[in-house]
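I'd like to ask you about the structure that follows.
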Amino acid sequence: MKIASLLDALDPELRPMLTLSFVFHIALLAFMGIYGRLGAREDIFFSPVYKVNLVSIPGETGGGGVGALPGSGSKGKSVGVELRGVEREKAIRDALKSTKRIVEALKSVKGGKAEIAGKEKATGVTKSKAGSSTATGVSSSSGIVMDPAISEYYMKVKNKIEEVWSFPEGLFVPASRWELRIGVRIDRKGNIEESWLEKSSGNSYLDRSALRAVKKASPLPPIPPEIRDDPLDLGLLFTSQEFGR
Amino acid sequence: MMPEWRSVMKKLSLTILAVVLMVVVVGCPRPPTREMAEARSALESAKDAGAPTLAEEEFRSAEQMLAEATAYMDEKKYDDARNSALTSKKLSEIARDKALKRRAPGEAQAGEAGTAIGEAGAGVIPEQAVVTGKGSLGEGVTIKELEPVYFAFDDYTLSEEAKDILKINAEWLDKNKNVRVQIEGHCDERGSAEYNIALGERRAKSARNYMIQLGIDPSQLSTISYGKERPKDPGHNEEAWEKNRRDEFVVK
Amino acid sequence: MKYLLPTVFILLILALSSVLWAKVYITIDSPGRSRFPIAIPDLKNTGIIPDVRGYSKDLMKAVEKDLDLCGIFQIIDPKAFLEKEGAMERDKVNFQDWSAIGAEGLVKGGFALKEKEFALDLRIFDVIQGFQISVMSYRGALNNLREMGHRVANEIVRAFTGEKGFFGTRLAFISSVTGDKEIYIMDIDGENMRRVTFDRSIALSPVWSPDGTKLLYTSYKMKGPHLFVHDLNTGKEHVISQRPGLNIGAAWSPDGKRIACTLSYEGSSEIYILDENGGNPKQLTRTYGINVSPSWSPDGSRIAFVSDRGGSPQIYIMDADGKGVQRVTFSGKYNVSPAWSPRGDRIAYSGMRGEYFNIYSIALDGSDMIQLTEGDWNDEYPSWSPEGRYLAFSSTRDGHPELYLMSSNGIYVRRLTNTHSGVLCPAWSPK
C-alpha cells in the first residue's frame, strides 16, 4: 500500500520507468546470483568482463594509465556518490558507454561472448594522478576506476606470476597472436587452492607453460582487506606480446 | 583603380598559362610513335629480304627488340620503348643487309666464324692498344681506348656522359672491325647477388643496344654480367660504389 | 528532457551493479624468462660395462649444447642439484627437490654399453605439474653418439613445445675463404664443415633438393652464369642450364620435379620453370624487366619472386603457372631475397631502409610487416628452418658477413660461424 501511494505521489510519467527499472533490476540480480556463482569454472560470464591492464608508474611505457580519483577513500564503489562537477560528468559518460556494452553483452551472452566488453585495451582516462605514493594505475575497459589498494594487489599478482613465467616467445607459435585464460582460487593468505585452464590457446604446450607459471607463483601476496571475497576467484589472461619493433 | 587591376590579372594569368603550356610541351614524355612505326617497317623490309631464313639470328633479335618496345609502350615506359625501337630498327637493317648479301650469287658465306649474337669469338687485339687491366674471369684485357661507363644506383639507363663515352668507344670499334668486345655489366655491393646479376646484364645490354644504334656490328659485341661479384673498388662507401656501377669493355 | 535524469540515474545503477558481479582478468604478457629451466643429471649406468671413456657424459654434453643453441632451454648447473641418488621411475622422483632449484623440466636416464653399441633409456618430466611427459629408448653406434645426441635433443624440444627441434639439419652456404666463392656445408651447430665445390670460380645461391641429397647452384665456371646440380652422395655434378645470358637463382619445387629459375636467353630476365633435368622451359613472367629469386610455397602451388616492374625491386607472388601476380611489399624502395616460410603463411625477405639491409617478415597479403633485425649493418639472405620456427641469415654486424640463427620473431639471435672470410647465402637443409 505504501509503495502504491508512493508511486501515485510521483510524476505519472516516471511511473512506468521506475516499475520497469525495478523489475529489471530484480531479474538481473537474480539471474546473476544464480549463474554468476555457478559459472566459476565455465567460460560464460553474464557480466562485462574486465580486462585489467596494469600499468606501472607514469613515465614508463605501457597501456593507458589511470590514476585513482582524489578523495575516493577506501571504498571501491565510490563512483557515483563522491564525484563532483567535471568528474561526475566524465563518470556519467563512461557509465553510459559501459551500459551500451552491458546491453550488448547481455544480448550475446551465449558462448561467453560477454567478453566483448572486456576486449578493448585500457582507455587512458583522467587528468589527475593518484594521491597515493605507489601511483600504480589500473584501468578497466569500462572506464570505471578502481581503488588503488586493489589495483596495487593486482599489480603484485601480475608481477609475481610474470617473474616465474619462463616462455620462449616466438619459438612457440611463430609471429602470431594468441591468448589463454586460467582461473585461480586464492585463499586470504595468498595460497593458490586451485588453478585450472578456462580457455586454451589452441596449443596445449603453451597452456602448460602458463599453468606451470601459475603453480610456481604460489603463494601470491595476501588478499588486501579491500577485497572481501574468501576465497577469491581471479582470472589470468595470458597473451602474446605485441611486437614492438 | 579597378581596370588597372583587371589588366594586371589578365597579364598574370596569360603568363601562367604560357608557362604551363611550355612545361607541358617540354616535360610531358612524348610517346615514340614515330620510332615505333619506323622499327615496324624496318622489320617488314627485313622480312621481305628473306631475313627470317637468311639472317635468322639478327632477325630474331630485331623481332625481340620490337616486342620489348611494344611492351614498354603499353606500360607507358616511353624512354625504354624509344630505345628498344631504335635498336630494333638498326637490327632489322643489319638483318636485311645480311640477307641481301647472302642472296647474291657467289657469295656463299657458310656462316660467320660461329659468332651468334650474344657470343663473341676470339678477335684480334690491335698492337697499338694500351692494355689497362684484365677481364673479370682472367681472360681478355681492358684497354685505354675503350673506357668504362658508369651508372646511378639501381639504374641501367645511360646518362649523357655515358652516351658520349660510348660514342667514342663506338668510333674506335668501327675503325677496328676485327676486334671483339665483351661488355661486362657490374653493380655495387648492395642488394642480393641475384638481383645484381640481372641488373648487371641490363647495364651491359643498355650499352650494347646503344652502340648498335650507332651502327656497330652486333657480332662485335657480346655481353655478360658479373653482378656485384667483381668490384673494382672493395670499399664500403659511396666513393667505391660509384666506381663499381659500371660496364667494362673487355677485348678478347 | 524530463526523462534524462531518471534514465541517467537508472543507467548509473546498472553500471554499478555490473561492478559487483564482474570477474577480473589480469593480463599476463611479459614472461620473466625466455628459456625453460631444465635439469639434466648424469645418466645412470644400468649395464655391466663401466663407462671409463665417459661416453655418457659426452652424449649429455652434446645434448646440452644443442638445447642451449636453440634458445629454448636454460641448463641448470649440476652443482645446484639437491637430489642425490637418481631415481628414474615416475613415482620415485622427488619433484620438490627439482622445483626447489627452479627447474621446470627434468631429464633422467640410464644407459648401458655393449660391444660397439650404446643403449639409452630416457624420461622427460614436467617438474611443476609433476608428471612424466615422455619416455624413449635409443640404440646407436658408439662412434656416432653425436647423432643420438641430436635425436635426444629434438625429443626434449618436442616434449616442451609440441614440435621437434632442428638438430641434425645442415646449412649449405658460400664462403670466400680460399679467395674464390665456393660452396660449403656444415651441421647447424657449426660442426662438420666441409667444402663441396672446387671450381675456383664464382659460385652462388646454393639450394637443397627436397630429399636433401643434392645442391642446385649458380656458377661462372663455364664462363657465364649457369646452373649446376651437385650430388652430395656421389660428388658428381652436371649442368642443368647453360643457355645464353643468365641462368641464375634456382629453386626446387617441393615435389622435386620442377626447377624455377631466372633465364634471359629470350631477351630479358624472366622466371622460367624447367623440369628436373633443365629442359622443357616454361616462361612465367613477361615484363621485359628484372624478375629474379623465385621461392616456392610449401605446397608447390605458388612462387614468390623479386620484380622491378613497379619501378624498384619488390616482392611479388604468383601461381605456379604465372597467373595471378600480386605485389606483397609496398614499404621500402628495395626488397629482395624472398623466402617462403615452410608453414606457408609468411614470407621473410631482406629490405633496405636508408643505407642498410635488414630482415623482415610479412603476411602473404602484404599486411603485418614485422622488422626482425635492426641495426646499421647488412642482414641478408634469410633461409627458414624446415619447421619454420627459425631463420638463418648472413649478417655483417660483427664486421664481415657471418651466418646467424634467429627465432622467427627476431628476438633470439645466435651466431653460427666464425670464419673471418665472408660467408653468405645460407640454405637450410630440408631434413
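Quick notes on this structure:
The letters A, B and C name the chains in turn, as written, and every chain counts its residues from 1.
Following the convention adopted for this analysis, a residue touches a chain if its C-beta (ideal position, glycine included) is under 8 Å from a C-beta of that chain, and two chains touch if they have at least 3 such contacts.
Everything numeric in this text was worked out from a predicted model, so none of it was measured.
Of all chains present, the one whose mean CA position sits nearest the global mean of protein CA atoms is C.
For chain B, the chain with the farthest CA centroid is A. In terms of C-beta pairs in contact, A-C outnumbers the other of B-C and A-C. One inter-chain figure worth recording: chain A and chain B are separated by 71 Å, centre to centre, where each centre is the mean of the chain's CA atoms.
We define each chain's centre as the mean of its Cα atoms; on that basis chain B and chain C are separated by 43 Å. Rounded to a whole number, the gap between the C-alpha centres of chain A and chain C is 40 angstrom. By the touch criterion given at the top, residues 64-65, 67-68, 71-72, 75, 80, 116, 118-119, 137, 139, 154, 190-195, 197-199, 201-202, 224-226, 229 of chain B touch chain C in their complex. Listed in rising order, the residues of chain C touching chain A in the complex are 2-3, 6-8, 10-37, 70-72, 74, 99, 104, 126, 128-129, 160-162, 341, 343, 346, 361, 368, 370-372, 374, 388-390, 407-412. Chain A meets chain C in the complex at residues 11, 13-14, 17-18, 21, 25, 28-29, 32, 36, 45-54, 76-77, 79-80, 92, 95-96, 98-99, 102, 118, 140, 142, 144, 154, 157-158, 161-172, 174-175, 181, 203-205, 208-213, 215-216, 233-241, 243, 245.
Chain C meets chain B in the complex at residues 181, 201-202, 204-205, 218, 220, 223-225, 244-246, 248-249, 262, 264, 266-269, 286-288, 290-293, 306, 309, 312-313, 334, 336-337, 350, 352, 357, 378, 380-381, 424-425.
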